[in-house]
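Quick one: the structure is below, and I'll ask about it shortly.
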Amino acid sequence: MKLKVENMKVALSKKDIISDINLSAEEGEFLSVLGASGCGKSTLLKAIAGMLPLKEGSIFVDGKRIDHIPAHKRNIVLVFQDIRLFPHMTVAENIAYALKIKKIPPEGRDAKIKSLLEQIKMEGLENRNINQLSGGQQQRVALARALAAEPKILMLDEPFSSLDENLRFDMRLLLFDIHKRYHMTTIMVTHNKDEALSMSDKIALMDEGRVIQSGSPEDIYENPINYKAAKYFGDASFFEGTVSKGKFNSPEFSVDCSLKEGKYILMVRNDAAELTEGDDFEFIQRVYTGNEEEYVYQHGETGSKIRCRNNSKKTDSLPVKASICLKREKLRYYKISSS
Amino acid sequence: MIKKAVPYILLAPLIALLLILLLAVANSLLQGLGYMPALGLNKISLDYYREVFSNPEFSASLLLSLYISLISTIFSVAIGVLICASLIKTKKAEKFYRNVLRIPILTPHIAVALFVVIIFSQSGILSRICYQLNIINEINEFPNIIYNRKGIGIILGYIWKEAPFVAYFVLSFMESISVSYEEAAINLGASPIRSFFSVTLPLSMPAILNAAFIIMIFSFGAYELPFLLGVTKPKALPVQAYIEYSHPDLRHRPYAMAENGVMILVSLVMAALYFYLWRKKSDGIRKSYDK
Amino acid sequence: MTNKNSILRLIMVFAAACILIPVALMTVWAFTSRWQWPDLIGESLSLRGFREVFINNVQGFRILVSSIFISMAAAFFATVIGYMSAQAFSMYDFPLKKWLRFGSMLPIIIPSSIFAMGIHVYFIKWGINDSITGVLAGHVLYCMPYTVNILGDSREALGNKYEQQAAMLGCSSLKAFFSITLPLMLPSVISAFSMAYIISFSQYFITMLLGGGVVKTYAVLVFPLISAGDRTIAGAYTLVFLLSSIFIFMLFEGAIKFIVKKIVGTET
């Protein structure tokens, strides 16, 4: 089912939480809504599901307007961040909840429950009590419960945030599998950029209640539309400076560029910076994360830090003082508005 | 050593008070069994209990008290839960309603009795309205709603005070359930009514049963309302017991204590029932909350 | 959607009316001179009832004031005992804990009239019958389950994480109690206090029997007037009774809000 949100604004206690939201998800598309905590992502999901009233704007599913339809009739199911499995029901009863509402007879329900449990790799656990399940198991049952409702649109609010790393990887695969199998329009809210990048067909990046960029993962990563978007994906250092006469100038760098005059922020990804001979930067720290290695150097005068990825293998002799050589094609510039 | 004793030191006043209470209970039970050395009664005997149970007036009192507490509890819980559920969903003037609900909790039972008399007695407001509407012509035609053998006045008084108590007691609990689990149920397609009855209500049961327990035992053994709004015959049990107790002939004392003993027994049975039911209902649910 | 909302609104309005109408009626009645059947309006406005309460019955006002003091004392003791017990139950593990916890709820199970009748002879024996001591003991006993409950819940919720932190920073436990725990527990303490006050102020049987007519509280004073004939006087007394309960309660509420604001810096 196609989802379209137009000019949505949601307010709580007279304060606008999200505004000017315009986004869409095609049939079967996996859309991630990415953003820092507090940027309004969960509010967005709840508004689409009908749990929060819209101050402004409209929601369309398959071209039909749904924002006047009560929440329980929208068939848009949300898997909550705090899971919310019903404590007084077993695993099977939780999953069967939506089936009972649809008046599916007991045999049909049992078959569906069995099938779903197989898909989430929890066969035979129909009669387990919720409090006997681990966090990962609860997450999976919550997913199965949502799927049982056969929603037009499936939404997940930070589904993996409470799981540890290994479990997260397995759950991501599971979700990916299920998404492929059901070809269901899925919207996932996360603050984890790797998740968004690895799982989505499309990403909507949110900041302070607004969607600041939306596009494919490659698009957003390679070409962040502004400074905030760029900052979100990390791995980069930023330097303020001015462009005049075809050259960007900041205390740290001087680079040829073809931009109009004005104030800019230069973004240097960690793979766009290389160490060379020189002494304007001083070594601070080596950051080793197993599959990646970064060096952090600090500019002698301004104190700005730059992160350089280590592309070679040698790590023993790091110069205390160095200069940074920038790869022009990997640089990005963001204009600072004059206000 | 001292460290181990700290909790007991902290609990010393509580223990002292409880010992006094237990002494009162023990004394009632002993005297009910006929043990009153002061009167020269040194033998334990079941005679007084036997006399009590064979007295039709007593059984009428016992039944009346049970009836009053059962009916008032059922209605108070039903109405209280209804008010609670409505209050949670009401956004407008929420503060006003919450404050109004507190009034009955702050009102002494004595005042409640006066309220019931003012409105429902034969010379009360309701009767006057009926007269003005030509439904009745004489003060006696208005039915005896209060001073009546089924204790309707007493029940009404208890409901007035206890339904808001239930609503208030259950409120914060039901609210937290409503905000999370009820939302999830609606999201899965349940209508608001269905989600309330299939999710919110069952999950609120521990708090509801707790409130029901408190008001049931209280309305069974309380003195004030049955005295003020009750009829001569049958008297509610606490009233009956006190009349016996204050009899000038002290030999009535064991008889009074036997009646008290029955009240203690019934209250303990109610408590046991509650703990059994509560344990059953809430053990599974409690564990999931703790996660 | 709107249908459901209007039904809910109706329920709340009806409930509020059922609560407020009796209070309003009684108030009006207290201010009439006479209101005979079958009139729907009283004869005339009059302060006859209040004259009786405050002027004619000289004792009346004195009893009201002393009742307030007695209930304050009962509430104080009940709160202190409740706090100590809450501390024991939530911060320690010890044998008999379950039994004592159950025991603290015992006054809810045993009616106050049974307690009073059962302990009466012993109070006489110990010489505390017809005295404030005996009455207070009874009041405190019956307020105690509520204070233990209220304070127990919040003591447990608070936990000892702040005290642990304070200890790590070198603070003595006494200082930690006064500067950290108590301020944070204050709203709950006041809440328990006001609940205990209301329960004590409304107590009738314990005061009647164990006070023996010597210790008279307002509840004991007003009780016989309810079934007596004069509704104006009964209404006046009861209105004073009700208002003083509500007034004191609101005072405590305000104190809680003020303290929370000062300590935490936010409104509740």
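General remarks:
When the chains are written out, they are named A, B and C in that same order, and each has its own residue count from 1.
FYI, contacts are C-beta pairs under 8 Å (C-beta built on N, C-alpha and C of every residue); 3 or more make two chains touch, one makes a residue touch a chain.
Please read these numbers as outputs of a predicted model, since none were measured by experiment.
When chain centres are defined as mean Cα coordinates, A lies farthest from subunit C.
Looking at which of A-B and B-C shares more C-beta pairs in contact, the answer is the pair B-C.
A straight line joining the Cα centres of subunit A and subunit C is 54 Å long.
Rounded to whole angstrom units, the spacing between the C-alpha centres of subunit A and subunit B is 55. Per-chain CA centroids place subunit B at a distance of 17 Å from subunit C.
Within subunit B, residues 192 each touch two or more of the remaining chains. Residues 180-181, 183-192, 194-195, 198-199, 202-203, 284-285, 287-291 of subunit B are the ones touching subunit A in the complex. Residues 4, 6-8, 10-11, 13-15, 17-18, 20-28, 38, 79, 82-83, 86-87, 89-90, 92, 96-97, 100-111, 113-115, 117-119, 123, 125, 127-129, 131-132, 139, 160, 164, 192, 214, 217-218, 220-224, 228, 238, 241-242, 245, 256-257, 260, 263-264, 267-268, 270-271 of subunit B are the ones that touch subunit C when the two sit in their complex. Those residues of subunit C that touch subunit B in the shared complex are 4-5, 8-9, 11-12, 15-16, 18-23, 25-26, 29, 37-40, 80-81, 84-85, 87-88, 91-92, 94, 97, 100, 103-104, 106-119, 121-122, 137, 140-141, 144, 148, 198, 201-202, 204-205, 219, 222-223, 226-227, 231, 234-235, 238, 241-242, 245-246, 249. Chain contact summary for the complex, subunit A toward subunit B: residues 49, 51, 71-73, 75, 77-78, 80, 82, 84-88, 97-98, 101-102, 129-131, 145-146, 149.
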